[in-house]
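Chain IDs A, B and C follow the sequence of writing; residue 1 opens each chain.
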Amino acid sequence: MKHFTHLHEHSTAELQGLVAAALRLKKSPLPDLPLAGRSVAFCFMNPSLRTQVSFEVATAALGGHPVVLSLGQDTWKVEHREGIVMDGPAAEHLKEAVPVLARYCQAVALRSFPEGKSWQQDKLEPFLRAFRKYSEVPVINLESATSHPCQGLADLMTIQERMEPRRKNFLLTWAPHIKGLPQAVPASAAEAAAAGGMNVTIARPEGYDLDPEIMQRIARRCDENHGQLKVTDQVPEAYDGAHVVYAKSWGSISRYGEPPPQDAEFRRRWMVTAEKMRRTQSAFFMHCLPVRRNLIVEDAVLDSPASIVIDQAENRLHTSKAVLLALLASQRQAPQESLC
Amino acid sequence: MKHFTHLHEHSTAELQGLVAAALRLKKSPLPDLPLAGRSVAFCFMNPSLRTQVSFEVATAALGGHPVVLSLGQDTWKVEHREGIVMDGPAAEHLKEAVPVLARYCQAVALRSFPEGKSWQQDKLEPFLRAFRKYSEVPVINLESATSHPCQGLADLMTIQERMEPRRKNFLLTWAPHIKGLPQAVPASAAEAAAAGGMNVTIARPEGYDLDPEIMQRIARRCDENHGQLKVTDQVPEAYDGAHVVYAKSWGSISRYGEPPPQDAEFRRRWMVTAEKMRRTQSAFFMHCLPVRRNLIVEDAVLDSPASIVIDQAENRLHTSKAVLLALLASQRQAPQESLC
Amino acid sequence: MKHFTHLHEHSTAELQGLVAAALRLKKSPLPDLPLAGRSVAFCFMNPSLRTQVSFEVATAALGGHPVVLSLGQDTWKVEHREGIVMDGPAAEHLKEAVPVLARYCQAVALRSFPEGKSWQQDKLEPFLRAFRKYSEVPVINLESATSHPCQGLADLMTIQERMEPRRKNFLLTWAPHIKGLPQAVPASAAEAAAAGGMNVTIARPEGYDLDPEIMQRIARRCDENHGQLKVTDQVPEAYDGAHVVYAKSWGSISRYGEPPPQDAEFRRRWMVTAEKMRRTQSAFFMHCLPVRRNLIVEDAVLDSPASIVIDQAENRLHTSKAVLLALLASQRQAPQESLC
């Protein structure tokens, strides 16, 4: 495994291997410190709580030192375009910044949300792409425009802790929000569920389809694992028979960057409620967090025993360790030796 | 000891035990690393120097990894009110954020100053209260509206290094400032001195009484330890016979959030000066820092051998270690085991 | 070695010893962890990427805990003037802040750029000076108005990896920029090259002389090591015969704080180009980074095998370790023992 940036680059067996490793790490910590004397750089162009803390704690628990950087805040603006005359606000090109971090650290990780102006531009994930292009060490995606692969792993792990996922019904439901959010989390959650062999239903309002390429990846993964994929705007009917209800808001591509409708009826129609949950097969409720209470999901669901969002968040820690170990195991010893 | 958030929740014996442990840790570091492989989260809603660095260094010296978070800056705004529809600026409820941190870390700590609009609201310490309510692991108060218990411990330790405090005279004197500051430090300093068996005199201008509940706690602690408690507005007479002069500014409750008078005569009356110090029994001068020179205290006092503010700050390191050890000793092993 | 803040305070033998240590550390890490249980404070009044990460990683690799602080951002504004009445924005005096950090940490480091209003004021480096004055533990300069000594060490190390520097030709060339930048990097790079026994040529436009004191230090170091020093405004002729071309922009002292001319002809005249590089003796290209592409240097040079900027940046890690070890070896054990 060279990088870990997009689920679709990894086979189902590879993803299930990472989940299995995370489940083992949760039960019993490693006897040794495989990251002793090593550092990993975590670069944030957008804020984070779970991602930062789970990776910090995972790195430290493996004996390593996590370097946390707010790119563009602690430092300066960075450039990713080639051939440009840099006489604007960006003081450094990723063509230098990334190789330098790769000399100091055994892996580099990046969170870079979409800009929200042009989906065609954002889809290219220019910053993440530059990290992969310029890094001599493994790159981890901490959430980009199209993908949140570490979240997807934790999602599948959390489901596997509660059921054998094969042939179970996974409902990904769109949910209300005050902003038009990225598609990374729903994309990775659905693909991870498909990698677990689940039937995937995506319920969303008309005009809120996931990007066609994202849908293709989910469909391919469903096919491989003999799960069914369905898209619908019929709620609450979509809840019927679900074993897992996974809520997430995302923005419309055709009205890119705009918030969804805010009227009470629309909100009520799409919010996850106890009433809707009663249609399921005693489904578990999942969300990647942070979650806006009584907008995305009502308190009665989030505070019920069906809600497994805290376990889901905890599992970010264990899957982070699994990802770090998988990447670093396949890496050459110390990067500075490349010069000697 | 489940949490360490308010001195008044702990017996005098317990507080003296923490000070004794800190004194031992100052003389000789522990032979082992009780926090190896563990992390502690330090959440700051307000800036900090001593508190952050002393706890970071203490955690690292015990083998652990300190996670430092600026809540609302590195991350997003957090909500503490129950039952609310979260369609405003707050993206996450502490009902999720705190349990998640508690899954990653062996203790969680919070600094949250009062908002400065309503003392009745601020007194409730809603953020700290939410941390205690939602955390499965020990909570440490890094300063709240009413309490700075870690500072109080370091204060008592610093006094004990220089004298047997029983029956000695502790003067807490109000001091000038450009802002109306919280009552946390004076409350904890006075209660800690009382826990050491000192006689406590509080000198403050009319209208600058500490909150009645805070005064009750100090009075109760004085009673228990047979110290006398006195409140006065007579300076410099209040300095007579003092063994310790502890300066701190705080705001008026009746004109809550407003700065105190700024005229030169008022400032001069309440600033700690070498002239006033000459009335004491060669008292030591203490302040929690940061201190505004020549406003709270004149250079001639702060730069004299009587000033022990640097030792007082250093002792934050040793008391931090004592608090971490006391909390973690009583904690169940690793939090993730709760699931297995 | 008590502090490491300015190259001119150290003998050539001492500087060469640090470079030799860094070269050894690059080849083989230390078998033990000399900083185990210890912390080092890195204070930034200005942003940083290489300096922060290289020192964080160096400290962690030696077993220590790096404390990273944004002075004036994570904390509050600090005061350095003596005798002042602190009723303005600064909440803490360095006379307290530095001794306190020195009680928590085994060394304290500061980055403080010049303010850019008065060169005579900035030259005094009031914040760094205050750190040295008030610290009981070693002080490291992470870049001040006049000096970036850690960069200078890495520069010399990088040259020594490629050639025996004695009698080789080092060209420091001024380069275009959108801002008037500090003189710290060119000052330290030139002095480090001189300490390596190189002939130093400084090419800069009329009016862009380095400060006379800085020039004296470079001249003295050249004399000591039998290198020649030359200043010229003749480019591209200055490139003739160079073994190393080191580019850097800096501001004019006579028009202090103002940006240099931005017209295309001036820019083209001073930018490092492949055409100019062809006049050299197959010179290596160096820059401290971050570098503005196609303003300071064109892509064709920066992306050629002659460019060693990434190795130069990596060497910051190894020289950081060498500096930490040299400072801490000469330090008394633990600072808290001063009290016991």
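Everything below uses one rule, namely that contacts are C-beta pairs under 8 Å (C-beta built on N, C-alpha and C of every residue); 3 or more make two chains touch, one makes a residue touch a chain.
What you see is a predicted model, and the numbers here were worked out from it, not measured in a lab.
Overlaying chain A on chain B by C-alpha atoms takes a rotation of 120 degrees, rounded in steps of 5. Interface residue usage between chain B and chain C, two copies of one sequence, is largely distinct: under half of the residue numbers at the contact are used by both copies.
Distance from the chain B centre to the chain C centre is 39 Å, each centre being the mean of its Cα atoms. Residue numbers of chain A whose C-beta contacts span two or more other chains: none are found.
Interface residues of chain B facing chain C in the complex, by the touch rule stated above, are 26-27, 29, 47-50, 52-54, 56-57, 60-61, 66, 70, 161, 178, 262, 289-295, 299, 302-303, 309-311, 313-314, 317-318.
Residues 37-39, 41, 65, 67, 69, 74-76, 79, 82-87, 91-93, 95-97, 99-101, 103-105, 334, 336, 339-340 of chain C are the ones that touch chain B when the two sit in their complex.
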